[in-house]
Amino acid sequence: MVMLWCGSTEVLTELDDVHKTLHSFEEGLKHDHPAITPSMIYAYASLMSGVPFGNGAPNLTVDIPALLELATDRGVPVCGKDFKTGQTLMKTIIAPALKARQLGLHGWFSTNILGNRDGDVLHDPDSFRTKERSKLSVLEYILQPELNDDLYGQYEHQVHIHYYKPRGDNKEGWDNIDIFGWLDYPMQIKVNFLCRDSILAAPLVLDLVLFLDLAQRSGLSGIQEWLSFYFKSPMCAPFLYPEHDLFIQLTKLKNTLRYLRGEEQITHLGLEYYQQR
Amino acid sequence: MVMLWCGSTEVLTELDDVHKTLHSFEEGLKHDHPAITPSMIYAYASLMSGVPFGNGAPNLTVDIPALLELATDRGVPVCGKDFKTGQTLMKTIIAPALKARQLGLHGWFSTNILGNRDGDVLHDPDSFRTKERSKLSVLEYILQPELNDDLYGQYEHQVHIHYYKPRGDNKEGWDNIDIFGWLDYPMQIKVNFLCRDSILAAPLVLDLVLFLDLAQRSGLSGIQEWLSFYFKSPMCAPFLYPEHDLFIQLTKLKNTLRYLRGEEQITHLGLEYYQQR
Amino acid sequence: MVMLWCGSTEVLTELDDVHKTLHSFEEGLKHDHPAITPSMIYAYASLMSGVPFGNGAPNLTVDIPALLELATDRGVPVCGKDFKTGQTLMKTIIAPALKARQLGLHGWFSTNILGNRDGDVLHDPDSFRTKERSKLSVLEYILQPELNDDLYGQYEHQVHIHYYKPRGDNKEGWDNIDIFGWLDYPMQIKVNFLCRDSILAAPLVLDLVLFLDLAQRSGLSGIQEWLSFYFKSPMCAPFLYPEHDLFIQLTKLKNTLRYLRGEEQITHLGLEYYQQR
Amino acid sequence: MVMLWCGSTEVLTELDDVHKTLHSFEEGLKHDHPAITPSMIYAYASLMSGVPFGNGAPNLTVDIPALLELATDRGVPVCGKDFKTGQTLMKTIIAPALKARQLGLHGWFSTNILGNRDGDVLHDPDSFRTKERSKLSVLEYILQPELNDDLYGQYEHQVHIHYYKPRGDNKEGWDNIDIFGWLDYPMQIKVNFLCRDSILAAPLVLDLVLFLDLAQRSGLSGIQEWLSFYFKSPMCAPFLYPEHDLFIQLTKLKNTLRYLRGEEQITHLGLEYYQQR
């Protein structure tokens, strides 16, 4: 058995003292502490039952010291946060390429329209803030402005989400990306993504059920960073930074599967094909 | 010294007997054989002088047995073909992501407008055929329809290039990508890329000069597959297939550089961060 | 009763001697003259039966002197050619606005993808030429380069149609419009129209049935220029030029209906509202 | 001499008692009434000096009973409000066409990015509200939902403006238009307009200077509705509604010029060309 949280985005909750140790969390539970959200209670129940838990929403949920402590204690794998499906998926596809080619970035303007309950919830500014935080950090980790000041030291990044009823259950993203190349010459990329959240998310749920189960059977517990591929805000050890590049996430996923099967890691070096000649 | 071919696309030339051995090629040179194109003569001169040669155009040029034989004999590194800069660059960014997420493909329609001499040359159907071949094969190698028949067994791929004078030295690509997800639900991605070829190509030339020189200093010769990152039709050993996925190409490039410096290969496994705890 | 031709585009037929008089046409009919196309025979039959005839395809059909002579002789109204539904509709919406605001034009690049039999037929170069002629002339009549040389003397206009099977019965147009304003400053408009031909055409058919019937009841015969609103290549008297501006076409349509009902023409002058005060 | 207000958008001011008569306005001026904005003071000075006044911003300015009374008393022509240049211009081009073709509307989503002081000012919610009001009403008057309930009774219209620094003095609009045709079949139009406000506005200023001067020389005074062509919120007599359709505005403009020259009105009827035959 595996538990995956697929509810709508909760109101933004900052890390609170009550989240910091398992003891304080359990005390908080007893006294109905307001910083303990519904999804945290589900996660707690899941872990207490020894059931792997994944979080498809941007809320903190299992990503608090108290519950990570519980996951490690009980030997239960966890992963999250926030399924990566539409516009952020595209962003973690294109941004790594810009960096690979050392194309500079002046700005990235993203707007989204969606017309179902998900959009309605995100119309609430407090819920949106949870989502926005999850969406905005992506570029920073991929582009590493601190290491590439000339190229990425000054870009402007905006993400907007609009509840627009005519779009119904479909979702549409429009991205305008202002890049610059050699001699600072400005160029633009526009991406219009006409998609449907549930269609993009459903297979992620299925994969995660299988992989969380595999993780448990393989004796892994705590944060499963190798499942970052599926998330907008991948959970990782506190001394690491989250990996957002979709292709590094994929390599990580595949090489972890190879490792679990006792296969050799793939590095794509392949010089031997040419040196053998 | 390094030689890089940056001329316009030559008329399509199929592999001919004259290209098959160094001997037949040199005989052909003497008798002005029509299947020996100007760029081949430059490549021959370069290799004979022990100068590494890279090919930024889609013509065969150095990618014929005769000249590969010469490159190996003389210990000279070569690479090519066709700088990957605009629409094909975007294609080798997005297609790997579709495959990573197992999103099916119904069709990919690409159109290009450009207004300089490069566009004018490609207006010629024979030159266009050389370019089209270079542009079309990309998806097939990335998506591997033979292994993913349900998802990629039936897509339609079209590439059009139009000489449109008002665009001048700029270039613009419009891509319409028809994908399908869970339950065959159709979705669409549109990409509009407003760019400039020379701006995107110039840094590739600089990188290749440095890397071909490094290859020669490092004792590498013949095809430099690790430089596939820069090309639309990467040259590779005859028993291999060309790698088109930009991110695998990048991993290959970086791990080769690590290898040349005697550093450890990066696999992104990183389980040790979690197991040490 | 009314007859409306809705068949696929015929191969391009130039005006031939056999089309020039009713007599030569009828002689040609008897001898199976190759320049007499199937749609012309339908039109002839329609007019001979006193039935109003409209042409929804770009073929000449009823737009030849022989059949116009017959229409006038028999007092039958006719109209055509080529239903204005998708990209050309958009063009005759936007171009009048550019001219109204005196925005100059460097170029207009139009590409179309469609996946049904209509697209398949237009894949045939000869049929495409019929269509292209119908689509290309639109801008020239609206922008009047001969009167606005600075603004419209040099623009490049391209129209492409591609049979792209994944689009199915839907149609998609992408237009890139390069305009310039004050001080020759370049600006761009891009239009992406995701539509469906039959959905856009069906109501035109219904309107035209009603209006051709009205024309006949009102004693009008020959070319019904006031129905230009519905066509990409509106038929008009030989000494006039076709009106392509959708909004002038609409005014013409409405004022003709007002005229037929004995109502006053609308000029939108309306100064009386202010002078009465 | 002519005065044209081209300042940034003022904070939204509702019609106040102080605006209702010239007397109350002049009293308010003396006591520095907070509902009297800077642009109103300029307009007052202009009219008192007998100088025609036009308003290029969405603020009320001259569009208050007090100043209209003054304009009529002194025989001075006035016009406004809010230059129609970018996205709203496109809206009043496309919406009339949708209505002409009786294509229904589910929704119209408009977003704008601009990076100069104008965008910065509109980032202020109070200034934006003035602008939004000016931009939102456009569709309602063109589509007349009260007369076309099936087609236009339920559409959703959103307009967003974002200050996005990388766009600099340029402006970019993205419109997604959800229409429906025959049998309620949904279709979409997307418009991406890359433009520059000042370039689009400057010629309007020049035209208005000439036409306001002409109006004064021709003895016209008060609201010049025939100049609606230039404005997002055209001023009109209190018992009329503003005309937003660009092409009706153009007809009005041209026929007024014809009227002032003593020429015949153009109705585009033109049946005489066919009846003379």
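Letters A, B, C and D mark the chains in the order given here, with residues in each chain numbered from 1 onward.
The definition used in the following text is that a contact is a pair of C-beta atoms (placed from the backbone, for glycine too) under 8 Å apart; a residue touches a chain by one contact, two chains touch by 3 or more.
For clarity, every value in this text was computed on a predicted model and none was experimentally measured.
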* Structure fact -> In contact with subunit C as well as subunit D, sorted by label, we have none
* Counting one step per pair of touching chains, how few steps separate subunit B from subunit D? -> 2
* Which chain lies the greatest distance away from subunit D when centres are computed from Cα atoms alone? -> B
* To do: Between subunit A and subunit B, two touching copies, which fits better, same or different residues at the interface, with half of the numbers shared as the threshold?
  => same
* When the C-alpha atoms of subunit B and subunit C are each averaged to a single point, how far apart are the two points in Å? -> 45
* To do: Return the distance between the CA-based centres of subunit A and subunit C, expressed in whole Å.
  => 52
* Distance between chain centroids, defined by C-alpha means - subunit A, subunit B (Å) -> 32
* List, in ascending order, every residue of subunit C touching at least 2 other chains. => 190, 192
* Structure fact -> Every chain pair meeting the touch definition is listed as A-B, A-D, B-C, C-D
* **Residue ranges of subunit B in contact with subunit A within the complex** => 72, 89-90, 93-94, 96-97, 100-103, 181-183, 185, 187-196, 198-200, 202-203, 220, 222-223, 225-226, 229, 237, 239-240, 243, 246-248, 250-252, 255-256, 259, 265-271, 273-274, 277
* Structure fact -> Seen from subunit B, its contact residues with subunit C in the complex are 106-107, 109, 111, 113, 155-156, 158, 160, 162, 164-167, 172, 174, 176, 178, 190, 192
